[in-house]
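A quick write-up on the structure given underneath.
Residue numbering begins at 1 within each chain, and the chains themselves are lettered A, B and C in the order written.
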């Protein structure tokens, strides 16, 4: 698993590669915590290279959302594979997160 | 490639307790993603078989392959990674009395992962939502009804996102409505989270509601394996008697009459 | 023949139990030693919870037992020493016999009845309701998860309780000596501590450490081997307390013998 954070204009984009599971979730949380410390107002997590998310990954994302909302920021997710999208639907989390089909859509929707 | 190889393979499993032969040569293949029901009367060895599948008992002869590894040859340290990939729901729910519902569900997460406590508490809410018990985190097991305890037990079994979940008599001692709820829960969870489920039960209504495939056990042997329809229309007299629940048939509950008279006059 | 068979049966089962108890002790010590390296040492909260239960919550009952024992020893020795006109030696008698013998043994017996029984009852009921098996299926070793915290709590807290009970016992004796027999309080204290050497206290602490091992391991062993429902839990608890009592007295005898003959 790798995670890369880039600032593009006003939007902070987290690119995650690999699996988000019980073993990698703690490391991802560390990166997320740095984003939270920077109080970034617009955050996007790109799922393009994510193969698999388990429930600890979902919980880590929920916690991320909670912390971003706490300082009035916004979190969006984008470019999910159908498999991962269906996982969000089963767990009803698709209603909690704003999930955009592509990175461009997500970035423009922030404005 | 994974789909061809069964997640559980039992080869010629034999087990004796003292002089009693409990399992006398069991062969089974259980495939990824299916709901496999092991049924049979009391004392047919189905609980013993289940305990071999989770590695709680070691076979006298034969082998049990779980997720591709022969668990009868593994030591405890080698077994632990496999145990983290399976979940088990116990007949009596086996919740830890000294812990709250939330602590019960989070125990494997707290012990085996480096996840943040905030993340774990979110996971606990999600796991309890799976079984419809969100908001019960802070109750003690003694404050719950039998059916609720079993649901908490199931939610604990799912805590580590297992690949295989075992259920020991999930509906024993529950009323018909709760039984139906449990059956629906097992099916929904298996399909939604695409886990392999192995259910041990003697409740025929449940069997036909949930099973993809069924194995019938009698006197330590697999009498027949098949889909729901194959079992329902089976010609095998043992299976027929069990499915119809009739007292007459090849499965005897009384010993021979001569024997009885001999013991009286002995 | 049947009689011989019965004796043989008892001997073999007792032997097997002894082997298993030592096995459990070995496992426990092994977990304590290798646990930190495998990052599988029990959590601190679990250990401190057990320490509070075994130690702090036992204090009141230990207090009363030690206090009254101090009083009884003072009166009993005064009755004897009066005949020689040596009543001031009551102070030495009380302090030495409590530090060497009565403090560790009586504290251990009280804790065996209170904590040892609770350990067996708790682990035993976990055993009969499949909770132990559930732990194993979750890849949580019951020895690491249940036995190690209780073991550590008792081997630390029992010597601590023993020191407290030594002090309280001496105070009990002091009250009798000063207010009943009219001894000079300063001389009493002087005599108490002049005759009590560091070795008296340390042998007492070695004893209480050993008793801590006995109570925790027997308590856990009886719990983990419980069979047969609620009735079995009751039976296991009784056996645990009785076995601990007998072993405490036996090991007290052995250790006292060792200290006596090796002139410690």
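Following the convention adopted for this analysis, a contact is a pair of C-beta atoms (placed from the backbone, for glycine too) under 8 Å apart; a residue touches a chain by one contact, two chains touch by 3 or more.
From a predicted model like this one, the values you see are computed outputs, not experimental measurements.
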item	value
Least hop count linking chain A to chain C through chains in contact	2
Most remote chain, CA-based centroid, reference being chain A	C
Identifier of the chain whose CA centre is least distant from the whole-structure CA centre	B
Centre-of-Cα separation between chain C and chain A, whole angstrom	56
CA centroid of chain A to CA centroid of chain B, Å	37
Mean-CA-position distance for chain C and chain B (Å)	43
Touching two or more other chains - residue numbers and ranges from chain C	none
Chain B, residues touching no fewer than two other chains	112
Contact set on chain B toward chain C in their complex	54-56, 76, 79-81, 83-84, 86, 88, 90-92, 94-98, 107-108, 111-112
For the chain C and chain B complex, residues of the former touching the latter	43, 122, 125-126, 129-131, 133-134, 136-141, 145
Residues on chain A engaged by chain B in the complex (per definition of touch)	21-23, 25-26, 29, 54-56, 58-60, 62-63, 90-92
Residues on chain B engaged by chain A in the complex (per definition of touch)	109, 112-116, 118-120, 122-123, 126-127, 129, 160-161, 192-193
